[in-house]
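Before I ask anything, here is the structure I am working with.
The letters A, B, C and D name the chains in turn, as written, and every chain counts its residues from 1.
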Amino acid sequence: MLLTGFEPFGGEAVNPSQEIVRALDGATIAAHRVVGSVLPVSFAATVPMLEDLVERHRPMLVLALGQAGGRSEISLERIAVNLVDARIADNDGLQPIDVPVVAGAPAAYFTNLPAKAIVAELRTRGIPAAPSLSAGSFVCNQVFFALAHLLATRLPEARGGFVHVPWLPQQAARQPGQPSMALATMIEGIHAAIECALAVQEDLATSGGTTH
Amino acid sequence: MLLTGFEPFGGEAVNPSQEIVRALDGATIAAHRVVGSVLPVSFAATVPMLEDLVERHRPMLVLALGQAGGRSEISLERIAVNLVDARIADNDGLQPIDVPVVAGAPAAYFTNLPAKAIVAELRTRGIPAAPSLSAGSFVCNQVFFALAHLLATRLPEARGGFVHVPWLPQQAARQPGQPSMALATMIEGIHAAIECALAVQEDLATSGGTTH
Amino acid sequence: MLLTGFEPFGGEAVNPSQEIVRALDGATIAAHRVVGSVLPVSFAATVPMLEDLVERHRPMLVLALGQAGGRSEISLERIAVNLVDARIADNDGLQPIDVPVVAGAPAAYFTNLPAKAIVAELRTRGIPAAPSLSAGSFVCNQVFFALAHLLATRLPEARGGFVHVPWLPQQAARQPGQPSMALATMIEGIHAAIECALAVQEDLATSGGTTH
Amino acid sequence: MLLTGFEPFGGEAVNPSQEIVRALDGATIAAHRVVGSVLPVSFAATVPMLEDLVERHRPMLVLALGQAGGRSEISLERIAVNLVDARIADNDGLQPIDVPVVAGAPAAYFTNLPAKAIVAELRTRGIPAAPSLSAGSFVCNQVFFALAHLLATRLPEARGGFVHVPWLPQQAARQPGQPSMALATMIEGIHAAIECALAVQEDLATSGGTTH
């Protein structure tokens, strides 16, 4: 399975999604090897790199991670929208406003990950998690939408989705009043999310069922 | 030094302040042994037990810890008020409304802990922390006020204060949208707070200075 | 133009969207008469009633309003999603989980209202407003999606959108800590939003331009 | 009765407390005339001006108002603390850190206004209100403490307190995501608070009772 994160952006020195990818890269989860990759925060460069990774590895599961500063929980994103509307500049200094991720593509895709099952599993393990109906309109949503479009058009058997994680404590320590989550908690949560997503795929493969 | 926490309350199965006390009880910090004690959440029983602990150990530093569900950071409380106004019942089923902690005592005490120095130290270490101007009006503030009154009237050389900690992740996992903090982060933070408070006392003792 | 609101739900005695519709029903804004209608909070009955209203009046502009308890601002919704996932039961006692609004329809529609221009206009007038990327997955989003689908498939010349409004002060007075907005502020805001939407349509009609 | 507010500060063009004072100045509430006065936001000048007003009018009731940006409700402050710790500079450019309001005075005063009765009355009228245990440590708390000290030492028969009000809509319109309250709602709320406070004093005067 392919696990992606992002490099730091917005003046931060660290990005929790990058740290999670570094921690899980090369691990084996439910007999699947995790291929980790850290993407640039670049409206121009990120999607081609993602496409390249997917073409090269042709994974059955892709989980893309990103930082959502200000959120308290691990967010399982349910809907990718065909919209880029950047509140701040990316790491190349570009700040596109109200343009589509993929011109001519549908307005949105629902994730085909079992978002609610993953949330339930994480909560059972004592990890704060919630489903989310908006991944925003920055590079995170761009990657989420591009991934969903890629899977829909070229890898219909695969599953993919996007998970937002809170700030790390050391980031929140510089922003009074803001929530955070320890890296260890995030890694445990993402590990469990991958397990859960793979288990659903196993079930479907075994039963010959198809996904909704 | 004396470190106190509370047992769980409000229907919770765990209290982070109890877990921190268990983790640090018996430790040696800056050549001082930590004596940990878990207090009941009881308007009737808690203060006598605290007084007993202080009389028995006559500590130079007392740090009382409590849970503040909904807060994102470790809160260094600056002011204890002579007010009990319980929003929910304590573990004995009592819910006193608008009564003083100690009849005839002053309206409030400022902590003599170096609250801002501790906040600065925690933030430097990447641990979210903030000074707070209200410890509420439940058992936490009751203990904080009773401690401040006890030190002012009987142990003027000692220092004492109160620190509120957020929910643990497993508590927030049952309350969607709420912030939390990992136990390891809290333990590191309270350890650093004790070090910082002891260092200030050492400085004063060495220089023969007195506290403000 | 057609302006819809909702009856109260979730045990409330009032719904601000209903009050706004009552206040503006019959008004003339920029030479257009406002036809106001209050919809039931019913997954079964609301959409047929909306379709009936649109068929009967064939409006050039439809603005649907709904209550978003807990939000501080007037929210201009940008994206309607083809998902019903009810957190609470509707007024008929039904609580559908993870079903489409319209089976076989696209995953989402972007509004063709000038959402950001309306937000800018409201802020200039001193009315708190913000664009929003999620209208939720309750009856509000159901109506928003059904409206967008209806306009796209049967009235492509018309414009339509959805606006969420905060609780009224009398609702927030029963929910400590929650934000609210005065009815007069909301009415002024929705009046301005209608003006702004109609002005854009006039411009387009005059110039022969088409909408994005 | 004396009603005070503040001029704008922190770069704002307006202060809701000033607007409320202007609206109620000269009004008669329960046979008492309202004397309104707008205070500067100045650690040096505000307290002498307040003392002067109290000496000149010798009011039986003093209600001081201030702006608490970010709060959603009218806050009835219960405790004034003898601490100035300014987060931003006042309108003279001064930003005192950790100094007492009145050297040698007690650490705090509880208000002798019926704060909870006022909150209950406001909520009954549909106006969001809550008691508060912290008025902060800026000019608002300075005035609150100075007032409480003045009444305690020179006018023990009088009552006084402090009420924080939210931002006005036009202020929140410039700060996305922030709550606000309409001026009309605030004026109605402060009018009701004054009525409620005067009624309690009448009761006490009639019965010969003394205040807690």
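In this section, a contact is a pair of C-beta atoms (placed from the backbone, for glycine too) under 8 Å apart; a residue touches a chain by one contact, two chains touch by 3 or more.
Chains and their UniProt names: A, B, C, D = Pyrrolidone-carboxylate peptidase.
What you are looking at is a predicted structure, and each value in this text was computed from that prediction instead of being measured.
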Going from chain A to chain D via touching chains takes a minimum number of steps equal to 2
Maximum distance between Cα centroids and chain A occurs for chain D
For chain A versus chain C, what separation do you get between their C-alpha means, in angstrom? 31
Intercentroid distance (Cα basis), chain B paired with chain A, Å: 39
Which residues does chain D have that touch at least 2 chains other than itself? none
Chains touching one another, given as label pairs in label order: A-B, A-C, B-D, C-D
Can you check the complex and tell me which residues of chain B touch chain A? 72-73, 122-123, 125-130, 168-170, 172-174, 176-182, 184-185
Quick one: which bits of chain B touch chain D in the complex? Just the residue numbers, please. 78-79, 81, 83, 98, 106-110, 116, 133-134, 136-137
